[in-house]
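By letter and in written order, the chains are A, B, C, D, E and F; residue numbering begins at 1 in each of them.
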Amino acid sequence: MLDYITSYLRSDTTPGQAGNILWAVVYIFLIFAGLSVAVIAMNWLERKILAHMQVRLGPMRVGPHGLLQPIADALKLLIKEDIMPAEADKFVFWMAPLVVVMTAFTVFVVVPFGATHAVTDMNIGILFMVGVSSLSVLGIVMAGWASNSHYPLIGALRSSAQMVSYEIAMGLAVVSAILMTSLNSAGTGTLSMIGIVQAQQAQHVWFVFKFFPLGMIAFFIFAIAMVAETNRAPFDLPEAESELTAGFHTEYSGFRWSLFFLAEYSAMIAVSSIAVTLWLGGWLRPFSNSLTGDTWEMVFSLIPGLSFLAFAAMCFLGVFRMPKHRAFRMQTMGLAGFGVLLGGIGLLLFVPPVRYRVQDIFWFSAKVAISMYMYIWYRGTFPRYRFDQLMKVGWKVLLPLGIGVLVLTAGVGVL
Amino acid sequence: MQPVATTFFFYFLAALTLAGGVLVITRKNPVHSALALIIALLAQAGLYLMLYAPFVAGVQIILYAGGIMVLFLFVIMLVNLERSQREEQFNKQWLLGIIAATALGALFITIFVRGRAIFPVHIAAVAEESNTQEIGLMLYGNYMFTFEIASLLLLVAIIGAVVMAKKRI
Amino acid sequence: MSFYEETTIHKRMDATAGAAGSVKTIDRTSHLELDHHDKTFLDTNELVINMGPQHPATHGVLRVILKLDGEKVLGTECVIGYLHRGVEKIAEHRTYTMFNPYVDRMDYVAAVSNGLGYCEAVEKLLNVQAPPRANYIRVILTELNRLASHMLWLGTHALDIGAITPLFYTFRDREEILKIFEKYCGARLTTHAFRIGGCSYETYDGFEREVVNFVNFVTPKIDEYEELLTTNRIWVERTKGVGPITARECVALGVTGPVLRASGVKWDLRKAQPYAAYSDFDFDIPVGENGDTYDRYLVRMQEMRQSLRIIEQAVGKIPAGPIMAKVPKVIKPAVGEIYHSIEAPKGELGYFIVSDGSTQPYRIRVRPPSFVNLQALDMMVRGQLVADVIAVIGTLDIVLGEVDR
Amino acid sequence: MAPIATIHYLIVAAGLFVLGVTGVLTRRNVVIVLMSIELILNAVNLNLVAFSRIWGLHGQVFAIFVITDAAAEAAVGLGILIAFFRNKETVNVDEIDLLKW
Amino acid sequence: MIAKLKGQYGSGIHEASTYLGQNYMIVESAMIPEILQILRDEEQFDYCVDITTMHYPEQEKQFEIVWILYSFARNERIRVKTAIADGEEIPSAVPLWPAANWLEREVYDMFGIRFQGHPDMKRILLPDGWKGHPLRKDYGIIQQDRDWVQINLGIESGQ
Amino acid sequence: MFFLSYIWLIPLLPAAGAALMFFFGRSLQKKTVSAICVGSVALAFVMACGAVWQYTHYAQQVPGKAYERVLYTWIGTGDSNLNYVTRNGSPAPVQADVGFLIDPLSSIWLLFVTGVGLLILIYSTGYMAHEGGYYRFFGYLNLFMFSMLTLIMANNYLLMFVGWEGVGLCSYLLIGFYFHRPSASTAANKAFIVNRIGDAGFLLGMFTIAWYFGSLRLTAVSQLARSGHFRIGDPIITAATLLLFIGACGKSAQIPLYVWLPDAMEGPTPVSALIHAATMVTAGVYMVARSNALFVLAPGSMKTVAFVGAVTAIFAASIGLVQNDIKRVLAYSTVSQLGYMFMALGVGAFAAGVFHVFTHAFFKALLFLGSGSVIHALSGEQDMRNMGDLHRRIPITHWTMFIATFAIAGIPPFAGFFSKDEILWQAWSSEGGAYRLLWLIGFITALMTAFYMFRLMFLTFHGQPRMSHDVEHHIHESPKSMTIPLITLAICAICAGWLGWPHSLGGSNRFEQFVRPVFAKEAGVLQSEGAAGQVASGKKEEEHTNPLEYGLMALSVGAAIVGWGMAWRSYRYAAKGYNEPIAVKVPALYRLLYNKYYVDEGYDYAFTGRRKVLRTRLGVMGLGEGASWFDSHVIDALVNDAGGMTRLAGTLSSWWDKWVIDGLLVNGPAVLSRLLSYPVRLVQWGLVQWYALVMVVGLAGFIAYYAWH
């Protein structure tokens, strides 16, 4: 039994491939939990970051610096009355958020957090990922249609048109990245997510820098298309609050609404991980070519722990800056506790076996986090596109550009 | 990736497929039909996976479930008429049609049963790992010409659809 | 005064609509391509959408019924009156002095302007002149109020179009204006700053300094707003060519204020018929060219700068002296009637007062700029997209308190 | 239970085919008729993929072609449908009898 | 200008003078369409500022309608006034100034004066089914349409 | 021989600029636009200078030998079956190359087209700086440069025609540049239509030449013409040359096709300067000069050319006397000067005519650009009645324009003096009384020219200021980009004439020596045929200078000075509401001149059909209506009567047909077959699902058949 448990830890493949059901389930559980935490954290971070961009403080009341705000929100949503419109199509209305959430979570089956840190490694991984994430539009269309109301219907129509349009540009960018994987001596490319990262490792270059500027352009096409795919500003037309009140989820409330929320954020994380995997070297640490040798390995392996310690330090700084007043005692203690938690994690990450086991995951998550920050930044900066302009960008700019990049990549690759 | 519990999954997916099919042709509301069809298609993608055809399965999901069905839903919403749901759902020849279709099905089954010997029980193992690559080689090798024709067909379909659906060219 | 605007208007009007003269019907299709008539081959059915009265982008309780073809607007109808309080009826049952605070409740984001218009109208009816110092204080406060109104407009307009950040910037800076108001008269929003015959309060100590500080503080902020939006590609795409209205249509529909000026008509009551102390100051009237949403945006931004110019000049040469004219304790104007109008932030705000010689006005009619401007909505959005309706409602800068009174 | 062999897949495909044919022959709503056609095509695909386990990958390649075809068919069919709907305000197939002259 | 108009419509123009520097003229109600047309076309009063009404219940012709016009070219205003009796109709100014549309609707809403030829003569501020015209002098300040309030709002009184 | 071998780059450079403008211009900055367009033309200018310089070396071996460079055969067949046969039965391949030709004649055009064009482009960068459609404007100008260069460098008539049409198109586009202005678009249409009439003439002439000579290549045609096979006065050559001359009339604005040129002033001023004064309008002169070998074979045509030119000259000059629009005066002056040139060509003084083209290009471009500068300074005011006293405000414009005025009036030593005097002398020295009449017309025209030009100057720059207050406030000298071309052109306007300093004044007339090889042989032909007096060849002049020549010279200078004096007297102190002396003295004549002899109205009556007397249309349309009346009342009446008879017969026959033939014999079987065919109809019910059902049943049957067999 113990052998069965530890067998995977010694293997150099993913549990799915090894046929190790136990570890696969463990991974699934970990990903689910991690994703939920990430979404909660994103909620808090988005509000804080946006607030600081807009010269205000954001949530400050629930917990120190509003740290418990997302949990309060979640509680509020859970105990809120769940309204279903009288004329709605009950079954479809009920199904829609589930479909969206399911698709958003299913894609994480193949996301490679590390060389062995994925539930499984499909040989059609990227195809699977793009395909399944495109299914989420079904959920949105179902939600819009089932609400039996005008604004959701318009939102659903917009959403389906938008996602179908941008999927093409996205697909072209993805294909050009896949082409780059086939530049080895055997000439065999791969669709496997892990294979793609390994190809970057083997070619000693992240694909974003490959065939400069082709990789870069493909990456930017994908970066724009992924914002549109996830219905985020400035492409958030399906839920444009000033036009359609809330778009396809106008009629949703309470728990169902929170499922949409969850799905939106996990979809953002999912497409970000595609981008990271395809172009930004997945779990590979930066400068793995120029800064080599044991010493540098050592230094880079310390960074995860150090960064957590830095977070902890920030917490303690906050503790010292708290007003010294009775009313703030709980808050101060809470913040200090949080700092201790972070510091503990940081220290844990210094333990050598953990350190080497986890740094892949750290680098992957750090890259995804940067991408998520970009999402927030866009939202704080850009006005919203109009629908026809959005279509114009999709069809007249990104699509030809994508085709061009694809053709050029193929050409350069052959040469 | 080895399929697990093959027998169970086969019957499960086959039942899902057929149930989806039945729902497609019996639902009043076209949206429900479409959703049932999507379920059938996804179950079928599972069957493909069991047949060691992951690429086809992927294409099935991305094109059928993600593309064509969205198109269907889109159109259904555009032309959704309450009237058509209140009206008679089956046409005048429905009895005749069912009889003919059943007869056809019966014939198929008869032939399969009679010709059972042709189909081997033991299926030759196909390398799943290189499935995508081999399909790619075939598409661009043996079936080059067909592939080109398919692309032409798609082009014509695009133009045709645009011409028909656009109000003013 | 030299009225050189005359030529501009007529030239433009001729250029836009051919022969001058008959304005029998506005050519509503002049700038639109309405193709819902050709039912030749294919036609989708129309969709009627009810936008508001509770909708995030209708700035209050405006209800717009939209007739759509897909996302294209075929026509609109405004339903108003949700905020109707019968201000004109109330006026008939109050004395002139008692009615003064009520006007603040109409355009509640530009309460000072409302009060100025009312006080000046009654003064005119009484044939009284407010002393110069009072006039200067009036100008300073009114222009500050114009700034506040435009800032509020900018924030909400940008929010409508999807840029959420400017809202917070403008609210931060508007706060400084409200602080000055609060220090001056104790109220922030519905100020009731002026009295018939002048001002009721002398300026507080350091008023001038604070206003100058404010001007210095806010000038770079306006640059900051412009930096965020003026050349922002998406902003320009969202506003340029959206909701266009020509000078001729503006005049025919009685549209005034920044909307009129953005269509190229250089007409501002502060210049055309100066009131208060405006003839003492040097300022420009910004005009646009295309009369689209982008031009209206630019015009209002320029107006904010011009207001700052006026404030700076006014603070610089504010005269000493009394702040109230000699006004009888009981205001009892002679029988007669008067129409007086001022340039409010939203356009021409007029008061038509009929006196029957008693202490209460026989009739007060308010000519609200928002109400008249809102009429143009239908024409401006026809043939555009739903998203443009939002942009146009935002750019018209209506306040429902004033529309409904 | 018997091990799953090709014949099982064929029987599922036959069932799907019959369902599709029934839909095509009996339903009045054009949208559902089109969806039934998709069912038929899928039945064929299932056959092709099943046979490809015996006779090599050609079946899978053809399945891909069939999917391409299905996409084209759906696009054109739905285009016609929209055009028809705009003209006649109906989606009933027995009112589409313009061929009868 | 006034002199010219007087020469043309001698008896139609009852009075034309200036009060507190503001011009106005009182016109026979039958003359209104012609006078307005001339003011717009020949005297360049191209901007209709406002249309409103006063109610004098003790007079025989109860309502006095006022058109406030402005000319961009001349930079001056003029008020045209006329008196009509209750129930009498007056031609609409919408063909002359589209701006008159809502203004006339408001006059109708508040005073119950109907304008002939108006494209869409219905209430604007008050609800469509409301009874009574609140700015008439005989309409009390706290008066309301009780039936409407009870039926539509489900409450006893709106006050 | 670098430049000569790459002469095809000269037209191609502006073409590339134009293409860039049309494809990408919208998104380019104004600076980039000017850089590309001016740069490409400047490069072309440099290339042209180089090419001419190298050509002089090239021609030193064989004087006058043309340099030809054929790029490729454009239209041509090696297939003898498709070849077509000339008049004398010999097969001639239809061939036209894309090839370029450099000889003295085209060198001159090449130099001033690129040179003046470059200056005007530079000027335009200043003039058009605040206009919309900047890139469009420069694109058109570059396209024009390309077309004009193609025209003058073409080595055959067909390619020349390409350029010819190209400049016509560009002229149309540029006149209508302010297309939102109805007057501009009308003017553009007018120019285009009138030019089309001329082009038709050119085309026909070209066909005639192709048929008669079997070639379109310029060198080949002149060689053939000079070979002596054709007798002088050959009717077909006369016809061909007359047709060509019609084309020249259209392009160079001669009576009766001159009407478009004054209206062409609707375009931007640089366009007027470049196209409608300096370059394009001389294309007709170029074409006639280029075809000189043909023209000398047709004395009738020569006379026509001379008289049309002379009449145009005096006619346009007389209109110019009273016009008030500054650009319009210059436009009529252009027409008049073009008339001069044609007169010179007509009397056989080809060199003199070309010389006048050369000098005219400089001073007329200068005048137009100066007027543009004036208009620019006056914020768009063009009416001279509203100008005055500008000489202190815009001195550079004033002085440069004065130089040009001296030049055009023919006051020595400015350029115009030499060329004009040469023309007059040649006209005088041609034999015959009729030619003396030409001289007289020319002389009077010179007087008028001096008068109206100085009138223009005094009204514009002197007298009392008459502009409105606002305008006066804004008067300013133009930017450097505009004044520098003005100054450059002024220098040219002074010096260009010195190239042709006549022998009689001790010069060497280098200009004529340069171009002589092109024309010299004609002199020989004429002399050999006994018409020696028609051409005063350079050689003859070298030998002896007639004392009479000095007298004529003095006379023409006198005329210029008299014109100056008259203008001085009349307009020196022009204040607001000044009097036109002609209007005071002879009001009828004034009205006639002011309304341009009512020619436009006449054309309107005669050709457009817009005008009617009572209900009858006039002119060509009237003829058509008359014919139509005849057709509908006389011919149709006859036809209708015949028709009535037929109908009667038809009624009877139809009764028979309907009841007996159709009813019984035809429909009977049809009804029967319908009854019989009902079962078959089931197959074609029109319901798709029915078809599908049938298909399924068929399929089932098929499978069943194979399953049990």
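Rule of thumb we're sticking to: a contact is a pair of C-beta atoms (placed from the backbone, for glycine too) under 8 Å apart; a residue touches a chain by one contact, two chains touch by 3 or more.
No experiment lies behind these values; they were computed from the predicted model shown.
J.: When all chain pairs are ranked by how many C-beta pairs they have in contact, which pair ranks first?
T.: Going pair by pair, the biggest contact count turns up for B-D.
J.: Chain with the smallest distance from its CA centroid to the overall CA centroid?
T.: The most central chain, going by mean C-alpha position, is C.
J.: Relative to chain A, which chain's C-alpha centre is the most remote?
T.: Centre of mass proxy via C-alpha means gives F as farthest from chain A.
J.: Counting in whole Å, what is the centre-to-centre distance of chain A and chain C, each centre being its mean C-alpha position?
T.: A distance of 46 Å separates the two centres.
J.: Would you kindly tell me how far, in whole Å, the mean C-alpha position of chain F lies from that of chain D?
T.: One centre to the other, that is 68 Å.
J.: Report the inter-chain centroid distance for chain B and chain D in whole angstrom, where each centroid is the mean of the CA atoms.
T.: Centre separation, chain B to chain D: 6 Å.
J.: Two or more other chains in contact with one residue: find those residues in chain D.
T.: 21, 25-26, 82-83, 93-94
J.: So which stretches of chain F touch two or more other chains?
T.: 689, 693, 696
J.: Residue numbers of chain E touching chain C in their complex, please.
T.: Residues 19-20, 22, 24, 40-41, 46-50, 52, 54-55, 66, 68, 72-75, 77, 79, 95-99, 101-103, 106, 110, 123-127, 134-135, 137, 139, 141.
J.: Given the complex with chain D, which residues does chain B contribute to the contact?
T.: 6-7, 10, 14, 17-18, 21-22, 24-25, 27, 30, 33-34, 37, 40-41, 44, 47-48, 50-53, 55-56, 59-60, 63-64, 67-68, 71-72, 75-76, 78-79, 81, 83-84, 87-94, 96-98, 100-102, 104-105, 108-109, 112, 116, 119-124, 126, 131, 134-135, 138-139, 142-143, 146-147, 150, 153-154, 156-158, 160-165
J.: Using the touch definition from the top, list the residues of chain C that touch chain E in their complex.
T.: 1, 3, 5-6, 9-10, 21-26, 80-81, 84, 86, 88-90, 92-93, 124-125, 127, 251-255, 265, 267, 272-273, 336-339, 341, 348, 350, 352, 354, 362-363, 365, 367, 371-372, 374-375, 404-405
J.: Can you check the complex and tell me which residues of chain F touch chain D?
T.: Against chain D, the touching part of chain F is residues 684-689, 692-693, 696.
J.: Contact residues on chain B for chain A in the complex?
T.: Chain B residues touching chain A: 1-2, 4, 29, 31-32, 35, 38, 54-55, 57-59, 61-62, 65-67, 69-71, 73-74, 77, 128-129, 131-133.
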